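Across the two complexes that follow, subunit A remains constant while its partner is subunit B and subsequently subunit C.
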Partner chain A sequence: MTSITSPAAPVPGPGAGAPEPTGAQPVRGRIARLWLAYLARRLAGVVAVLVVIVLLTFMIVRWVPGDPARLIVGFDAGPAQVRQVREQLGLTQPFWQQFGHYVGGLFHGDLGTSFVTSQPVSEMLAQRLPLTAQLAVSALIVVLLVGFLLGVTAGVLDHNGRGRYYTAPFTAVTSLVGALPEYITGTLLVYLFALTLHWFPVQGGPSFTAMLMPALAVGLPPAAVLARLVRNETVGVLSQEYITTATSKRLSSARLLLRHVLPNVVTSTLTLSGLLLVALLGGTVITENVFNIPGLGTEVVQAILRSDYPSVQGIILVLGVIAVVINLAVDITLGLLDPRVLARRVA
Partner chain B sequence: MRRERRRPLPAMLVVGAVLLLVMVVIAVVAPIVWGDSAQALTADIRQTGSSAHLLGTDSLGRDVLYRTLVATRLTLIMALCATAVAVGIGTLLGAGVVLAGRFVRGVGARVIDLLVSYPPIIVALTVTAIFSPGRVSVVFAIGLAFCPQFARLTNTLAASVSARDYVVVARLLGTGRARLLSRHVLPNIAAPVLVLTSVGFATSIVALSGLSFLGLGVQQPSFDWGMLLASGLRDLSVNPIESLGPSVGILLTGLGAGLLGDGLARYWEPRQHALPERGSRASARVPKAPPVAAAGGGDVVAELRDLTVSARGAELVRGVSLDIRAGEIVGLVGESGSGKSVTAMAMARLLPAALTWTSARHQVNGIDLSRADVPPPTRLATDIGVVFQDPASCFNPALHVGTQLTEVLRVHRGVPRRQAAELAVQRLREVRVSAPESRMHQYPHELSGGMRQRAMIAMALLSEPKLLIADEPTTALDVTVQADVLRLLHQINADHGTAMLLISHDINVVSALCQRVCVMYAGRIVEEVAVADLRAGRVHHPYTKALLAASPGEDADRATNPLRPLPGRPPRPGDVGDACSFAPRCPLAMPRCREEDPLPRPTPDGGVAACHAVDPALVEIR
Partner chain C sequence: MTRIRPRTAALQGMALGLVTLALISACGSGGSGSGAAPEPKAVTGGTVTIDLSGPVTSYDPAKGSGFQDAEVAWALYDSLVVTDSDGSFVPGLASSWKIAPTSATYTLKSGVTCSDGTKVTPTVVAASLRRFLDPATAAPFLAQVTGGNAATVTTGANTVTVTLAKPWAGLFPGLASPFAGIICPAGLRDLNSLKTRSAGTGSFVSASQVAGSNYTFTRRTDYDWGPKYADQGTGTLPTKLVMQVLTDDNTRSNLMATSALQIGAFTSDAWQKFKASKGVKSAISNQTDTFLIFNEAPGHPTADQRVRKAVEQAVNRQGLNQVQSFGAGSLITNLGQSNYQCFDNSLGNLIPRYDAGAAGQVLKGRSLNVLGTNVFAGGDANSYVLSALEAAGVKGTLQNLDNAAYVQALFSGTNNWDVAILGYGNLLSSLLAAGGFFSGHAPPNGQNLGDVQNPTAAAALAAAGSATSQGAECAALSTFQKSLLTNADFLPLSTVPVHVLFAGGTSGAVVKGFVQPSSIRIAQK
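After this line comes the complex of A and B, so read on.
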C-alpha cells in the first residue's frame, strides 16, 4: 500500500486524477459511514444475544430442580460420589466464581467434559459439528434452489396470463408440503426411497446419496413456504413500472429475469428467508434423529436423556452461535443487495 | 320476511372447524371406548395391517389404530396448553411493553425482534434439559419457544392501537396500565390474535409431536402421536403402515387449525373483490379511418392503423390510426382512461400480457410490428426511446443509475462498459443533470424527481432513437421542473430531429410543444388538428372545444372567458355501443349521434374530426 494521493476509497471513472468537486468520493464516503453505523447496530445485537446465550447455557445446570449431581450419578450412588460430581460441575463454588470459571473456560475453548463418555465437550463438538453443518447447508441449497426456481417460474407464468392452469395446484402443493413436519417427510422419504425403491441408504451420512434424503426432509417444507413467497414477490415485481422500462430495452428474458427481476425479489424475500434459515436449524436437529446421523442433533437428545449437562450446554451454545452467524450473514447480504436498508430504521 | 344478508363463511373456515371438531370428538370418546384395547398386549408383534388390526401392531403387540385414536386426547391437551402458554405470555409481554415507558417500549420491541430471529428449538431444548423430559416440561418448552412470535404480533398490533385517540384519551384521563390493557388494548387486537392462536396451535402440535418423536416429550407409559410415530419409524421396515396413523393425526389437526386460522383471517378482513369480469360485448363496427392528410411531408417514422386493444372483452382502444413523421412532435391528449397511454404503449409494443390487441398496420422505422405473436426484434430498443410518467418507479431500485443507462448500448450494440459510461455521462450532461459522473454510481432513490426524469430522458436518448415516446413525462413533477423538462424535450427535437409522441392530459402542454395534436376520447381519436389551429381555437369536435374551455390557457383572460368544466364522465371501457361515445356529454348531440358512431372526416382546416355535427352536409342543414 504505497498510495500517497488519497487514503480514502479509490475514485473510479474517467479522467482519473482530475479533481471532482461533487465527484464520487463523497458518495463513497457516505456509504462507508452508513455501513459502519449499520454494522455497529447489528454487532450490538449480536453481542447482546451472545451474552444471553452464554448466560442461558450457564444457568441450565443451576436451574435444574433438585440436585443435578444426584440426577447424573443416579439414585444408587453414595454421597461421596455425589459430592465429587458436584465439585466437577463447580457447584460447590460461589455463584459468580462459577460464572467466571464458565466464561473463562469458553474463552479457552474449554467447555467441560462429558459425564457419560469422559470426552472433552469441545472434542465432541469438533467431531459432530461438520455433519450437522453439512446437513444444514445441503438443506439450505435445497431451500434456495427449489424455492426460487419454483417461485420465480410460477410468478412468471402467472404474470404471462398462464397462471390459471398452475396457480391452484401450485398453492395446494406448496401449502401441503409447507405444513409437513420434517419427521413425517423424513419417514416418508425413508419408506419410499430407502425401503421400497432402495435408491438411497436408510442411514444418513456425509456422502451425496446418504445426505440427499435428509437434506430434502429438512429443506422441502421451508422451500415450499419460500416458493409461495417468491411467487408473490415475482408477480409484484413484474408488475412494477421499472420492469416495463426494462422491457422497453428488449432484453433477453434471461437477462430481464436475472438482472432486473431477481435482485428485487431476493431483496424483499431475504428478510423472511432469515426466519426460514433459522427454522432450518430446528429441522436439522430433528431430521438427524430420523436418519440416525451422528451430528449435534442426535447427540443433544442423548445428552438430555442422560442428564449429561456439559454436552447439552456445549451443543446449545453452538446452535445459538450458528443462529447468530446466520442472522448476521442475512443482514450483511441484505445490506449488500439493497443499500437502502443501511439507512433504514435509524430513527 | 327479509333477512339481513350475512357474509358467507369462507370454505377454509368451515373445513378447518369441521376437522378440529372431529379431532375433539375422537379425543373425548376414544380413551373411554378404546382405552383398554390400546393397552392390551397380544402375541401378534409388529404385524402389518389386517382386518383385525387395521394399522397393524407395535413391538409389544398393541393395536396401533386404537393407540393412535386414544393418543388424540393427550396430544390435543398438550398442544392446547402449550398454545395457551405461548399466547398468554406472548400477549402480556408484547402488549405490556407498549404501555410501559418510552425506554422500555423501544428496548422491548428490539428484544422481541431479536428473540423472534432465534430458533425456537434452542429454547425448547434448554427447557427440556433443565426440567428433564416429560409431558409438563414439553408443554412449557414449546409454549416458551413460540411466545416471542406472539409477543411480536401483539406488540405490533398494540403499538398501533395504543396510538389511537381513544387510548390516548383514556391514558390522559389517568386510566391505570392494567385497565388500559384489559379494557382498551386487548379487546381491539383480539381478532388477529385469535387468528394467530389458531395458526399457533397448528405449529404447537407439530413441534410437540416433534419433541415426543425425539424422545424428549411424553415418556412411557403415556403416549402421544409423536411417540407413536417414533415407534412407527423403528418398525418401518416391518410394518410401514404403523406410521400412517400418527402422521395423519398430526397432519389433519395441523391442517385443520391452519385452515381455521386462515379462514378466520379471511372472514374478518375480506380481501377486495376481484374486478368483476366485464361482459364481452360485440364491439361496434370500427370505422375505417381515412388516410391522414400528408400535412408536413417528411418520412413516416411510425405508423399505426386500426389499433384495437382490449382487456377481458372490454375495448380500451377502438380503431386508432396514427402517423408520426421524422422530426415531428405529435401530441396525444385526453382524459385519464381515454386510451392514450395504452395507444402509446402499443406503439412501443410494451402492452402487458393481459391485454390483447390487433392492428392492420404497425411499423416503426421500417420494422413491422403488426403481428402480436411475433416478438419485436431487439433493434426496437435502439429505435424507440421511452420516457415514462413517474420517474420514481421507472428505475430499478436495485441497480445503479449508470448500469441502467448503459444497458441498451452494452447489450445490443456491444459497446464496452467504459465507453458506454462515457457516452452516458455525456448524455446526462446534455440533459443538464448535475454531477453526472457521480450519478452513474448512485441508486435511483438518491436522485431527486427532476433529476430522475432527466436521467430517464438521457437513457431513452442514449441509443439515438428515431422515435421518442413520452408518456406524461411531466405529470409527476413540480411545476418549475415541468417547464424545464418540456424545454429539454423541445431542444432535443430541435438538435437531433428526434420524432416524438407526447402523451398528456394537459392540452396546454401539448399545444406548447407539438406540431400536431390528436385528441382521444373513449378509446378513439376524435380529432386531429394542427397546433396552430388548436392555439387559434379553430377546432371542430365539441370534445376538443370543451377541453380548451376547461383548461386555463397561457394568455386567456379569465374575466371574459371563464373556465368551464366539462360535465359528466367518460364511459367505461366496454360500455360504448353503436352510438357516439361523447353523445351523453355533448351539447350538440342529436338523435343520429345516439344511433350511429361518427366516422372520422377531413375538416376544412386539413385536420380530421369524428363528429356528426361537423359533417359538412349536416352543418349546412343546421
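After this line comes the complex of A and C, so read on.
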C-alpha cells in the first residue's frame, strides 16, 4: 500500500518497525543527541521548578497571618502555654534557620510533622495520596472515555452530513456540563444517585461504587470540553486531502478511522490529557470535600485553615512533583510518537 | 450542509438544561425523597460511627484543647470526676472526693485497670496528674485548673490529693475536664506513642486512624467502672467506635440518611430533615455561650463607653438568637448559663433594652468593624449585628471568618475589629473560666480580648479565683459581672445548642453538646 503523507500525518519514530533508510547510523546518532539535549533541558527545568516550589511554599505559608500555636492550644490556654508550644514547634527560630531545617529534612526524606495532628507528613501523604491519585486517574479515564468517544463520534457524524441532527444537542449538552463547577456536579450526583435512588454511597472511597460519583463529578466537565475539542479536531482531520485520497482508495471506514484519523487526533488529545490530569488533581480538592474523601484535597483545606505549615508544604511539594513528572512524561511520549516535536522543542 | 444558527442552538441547550433539571427534580420527588423522612438502618455488627468536629491533635489528653480532643479523650481515658448534663459532678475513677480551698482529695475506685492490664493505684494516678500539672508539659488547659498556682500531688492508701500554693476555685471543676484524664504508666514512659496510641482506662482503646479524617477505637470488654450519667440509655456498648471528622452539617445529614453515620451533632437546622424519622432520636444540648464584646483599645470607637452602650441598645438579642441558632438557644444574662455555679439571676436588670432610636443618636455616622465566626448558622448572626448597626446609622464592615481565622483575628493582637461575637464552649461550666477574657493583658500577651480596663472587675475576678468558700466566690463573681455590665464591657447574648441525633438504635448521654462515648449504647433487638 502506498503510504499517505501529509503535514499532519504521524511520522513513525525510531523502532517503529519501518525499514531503515541508507545512512541510518547518522540519523540515529542525531536523534540520540536530540534526546540527550532535550532530557537535559527538561531535567534542569524540573529541578528549577522544584526549588521554586520549596522556596515559595515555605515563604507563603508563613506570610499568611496567624499563629499556629494559638490555634493548637485554643481559647483556654494562657500566654505561657502558647509561648511554649511556639517554641516546641520551632516557630521562635529565625526564618532562615527554620528554612535550613526544612531543606535539611527534605534531603533525608523528612517532610516534618503536622502541627495539628502530630502525624509525620510523609505518613499523612502515604495515607492520603493513593486516594487522591485514584480519584484523579479515575476522573481522567472518565474524561478520555467520554470526551474522546463523544468527540470523535460527533466529528464523524458531522462530517458525514448528519450534523444537523446532532450538532445542536451536542453543543448544548457539552456547554451545560462543561460549565458546571465540580461542587455543583457533585451535589447533583449525590442528590440523585445517593440520596434519591440509593445506588451509590454518599461517602467517597477506594471501592468502585464509592469512587464512581466523585470521578464523574471531577471528570464530566472537562470531558465535555475535551469532546468539543476532539470533535473539531476530527472534523479538521477528515477534511484533509490525504483523507480524501484514502477514501478514494476505498479504505473501509473503520480502517480510515483507526489508521489515519485517530493517530492524528490522539497527539493533540494526549498533550491535553497531561494538562488535564494536573488540572484534575486541583479539581479533586473540591470534590474530596463534597464526598468527604480522606485525600489530599480535604487535608490541604484543613491544613491551610489551621496554619499547619508542614502539611501544606508537604502536600504542595508532592503535588508539584506529580505535575512536573506528568508534564515530563507527556513530553517524552510526544517525542516518541512524533520526533518532529522533539526537534522543535530542542530548537 | 445546513448549519444550525447559534441562537437556535442556545435555545435548544437551555431547553435541554431545563429538561435535565426537571428530570432530576422528578427523580428527587419520587422514592424516599418524596418529602418522607429518611429512615436510617439499624446498626449491625456493633460498629457505631459518630461525628467529630475537626482533626485530633493527639491521643495525649494533656495536649488537647479543642472539642474534638475532648471527645476522643472521653473515649480513651477516665478523669477522676466527670460533669453530667445538669452540671453536677459524678464519679469517674474516684468514688468520692473532698474539696478544700487549696486542695482536692479523691478516693479511688477499686478494680480499675489500664488497657494493658496494669492496675490503677494512687501512684499511677499521681504520676499522670503530676505530668499534667507540670508547666513544662505546656498543657493548654493548665491555667484553668491551677489559676497559675504551683501544684503538688500526694498519695494516701487509696487516695490522691492535689494541693495548690494558693486557693483557686477552678481546681475541682478543672480536674473534671477530659484533658485531666489519667494516662497509664506505659503512656508516660513513651509520651511520643500517645500521638497515635492510647494508654488509658477508658471504655475504648485506639485501633487505627487516618489522621484528620477518621479515628477507630475498639471496646474494652472489661470496662465496668465508668461514670453513670443521668440520661444514660440501655443496650450494649459498641464493639467498634469510629469517629469521623465532619465539618459540614449537610454532609452529616446525608451520611446519616444513608446509614453511614449513626450519631451526629448539628448546629444548623439540617437536623430537621429527621424530625419525623421514627428511628432517629434527638437531644438538644446547650454547648456554646455567646457574648457581644468590644475592642476598648485606644483609638477604637468602642473605647468610648457611650458607643458600647449604644451598640448594646442597637442589637435585638431575641432576633439575634433566632438567626444564630434558629431560635433554639436561650437568652443569657451572665457570662454563662443558668445551671453554672454562682449564676446571678439579678443581672438581667442590667441588660440594656433594645432601643434602635436611642442607639442611632450616638452611632449615626460612626464606622465600626464587626468580627465573627461562621461556625454558627454560617455566620448569619454576624450579618445580623452588622445590619442592626447599619440600621442605627453606622458605616459598618464585616469580617465573617472561618473559625481558625476568627481565633487568629481575636488573639493575634492586630486589633482590626471593634465589635465581635465571642462564642465560648465553656467545658467547665464555670463563670470564672469565662471571666479570663475580660481581665489581664490584651492579646498577644494575654486573653483580655477587648483590652478591657476595669479595675473593679479585675479585683473582683481575682477575689473570685482565690475565694476560700463558695459563697465568697459567688459574691465576687457577681461583683465582677455587675461591674462589666455597668461599664458596657460585654453583652450576654444567648446559648448556641446542638441537636444531637441518634440513629440506628443508638443512644447516649449528652453533656454540653457532646456525646459521652462510654455511655453510647446499641439497643438490643
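Assume the second predicted complex is superposed on the first by the 270 of 347 C-alpha atoms of A that agree within 3 Å, B and C clash if a C-alpha of one lies under 4 Å from a C-alpha of the other, contacts with A are read in each partner's own complex, and residues count from 1 in each chain.
Going forward, contacts are C-beta pairs under 8 Å (C-beta built on N, C-alpha and C of every residue); 3 or more make two chains touch, one makes a residue touch a chain.
Everything quoted here is computed from the prediction, not taken from an experiment.
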{"item": "Subunit B versus subunit C as contact partner of A:Ile286, first or second or both or neither", "value": "first"}
{"item": "Which superposed partner A:Gln88 touches (first subunit B, second subunit C, both, neither)", "value": "second"}
{"item": "Which superposed partner A:Gly45 touches (first subunit B, second subunit C, both, neither)", "value": "first"}
{"item": "Partner chain in contact with A:Val312 - subunit B first, subunit C second, else both or neither", "value": "first"}
{"item": "Touched partner set for A:Thr132, first subunit B, second subunit C, both or neither", "value": "neither"}
{"item": "Which superposed partner A:Ser248 touches (first subunit B, second subunit C, both, neither)", "value": "first"}
{"item": "Winner by number of subunit A residues touched, once subunit B and subunit C are compared", "value": "B"}
{"item": "Partner chain in contact with A:Pro263 - subunit B first, subunit C second, else both or neither", "value": "first"}
{"item": "Which of subunit B and subunit C A:Val278 touches, first, second, both or neither", "value": "first"}
{"item": "Touched partner set for A:Thr171, first subunit B, second subunit C, both or neither", "value": "second"}
{"item": "Touching both subunit B and subunit C, residues of subunit A", "value": "65, 71, 161, 188, 190-191, 195, 289, 305, 307"}
{"item": "Sites on subunit A touched by subunit B in the complex", "value": "12-15, 20, 22-24, 26-28, 45, 48-49, 53, 56-57, 60, 63-65, 71, 159-161, 179-184, 187-188, 190-191, 195, 239-242, 244-251, 255, 259-260, 263-264, 267, 274-275, 278-279, 281-282, 285-286, 289-290, 300-301, 303-305, 307, 309, 312, 315-316, 319-320, 323, 327, 337-340"}
{"item": "Touching residues on subunit C, where the partner in the complex is subunit A", "value": "1-4, 8-10, 12-17, 20, 24, 27-28, 30-33, 54-58, 65-66, 135-136, 138-144, 148, 195-196, 210-214, 244, 246, 248, 251, 254-255, 257-258, 260, 402, 404-405, 407-408, 411-412, 414, 424-425, 433, 441, 444-447"}
{"item": "Residue numbers on subunit B that touch subunit A, as the complex places them", "value": "110, 114, 116-122, 125-126, 128-133, 202, 206, 209-210, 213-216, 226, 229, 232-233, 236-237, 240, 243, 247, 250-251, 254-255, 258, 345, 348, 350, 352-354, 376-381, 384, 386, 388, 390, 393-399, 404, 407-408, 411-412, 418, 421-422, 425, 434-435, 437-438, 440-443, 445-446, 456"}
{"item": "Contact set on subunit A toward subunit C in their complex", "value": "65-67, 70-82, 84-85, 88, 114, 116-119, 123-124, 127-128, 161, 163-164, 167-169, 171-173, 175-176, 188, 190-192, 194-198, 201-203, 289, 292, 294, 298-299, 302, 305-307"}
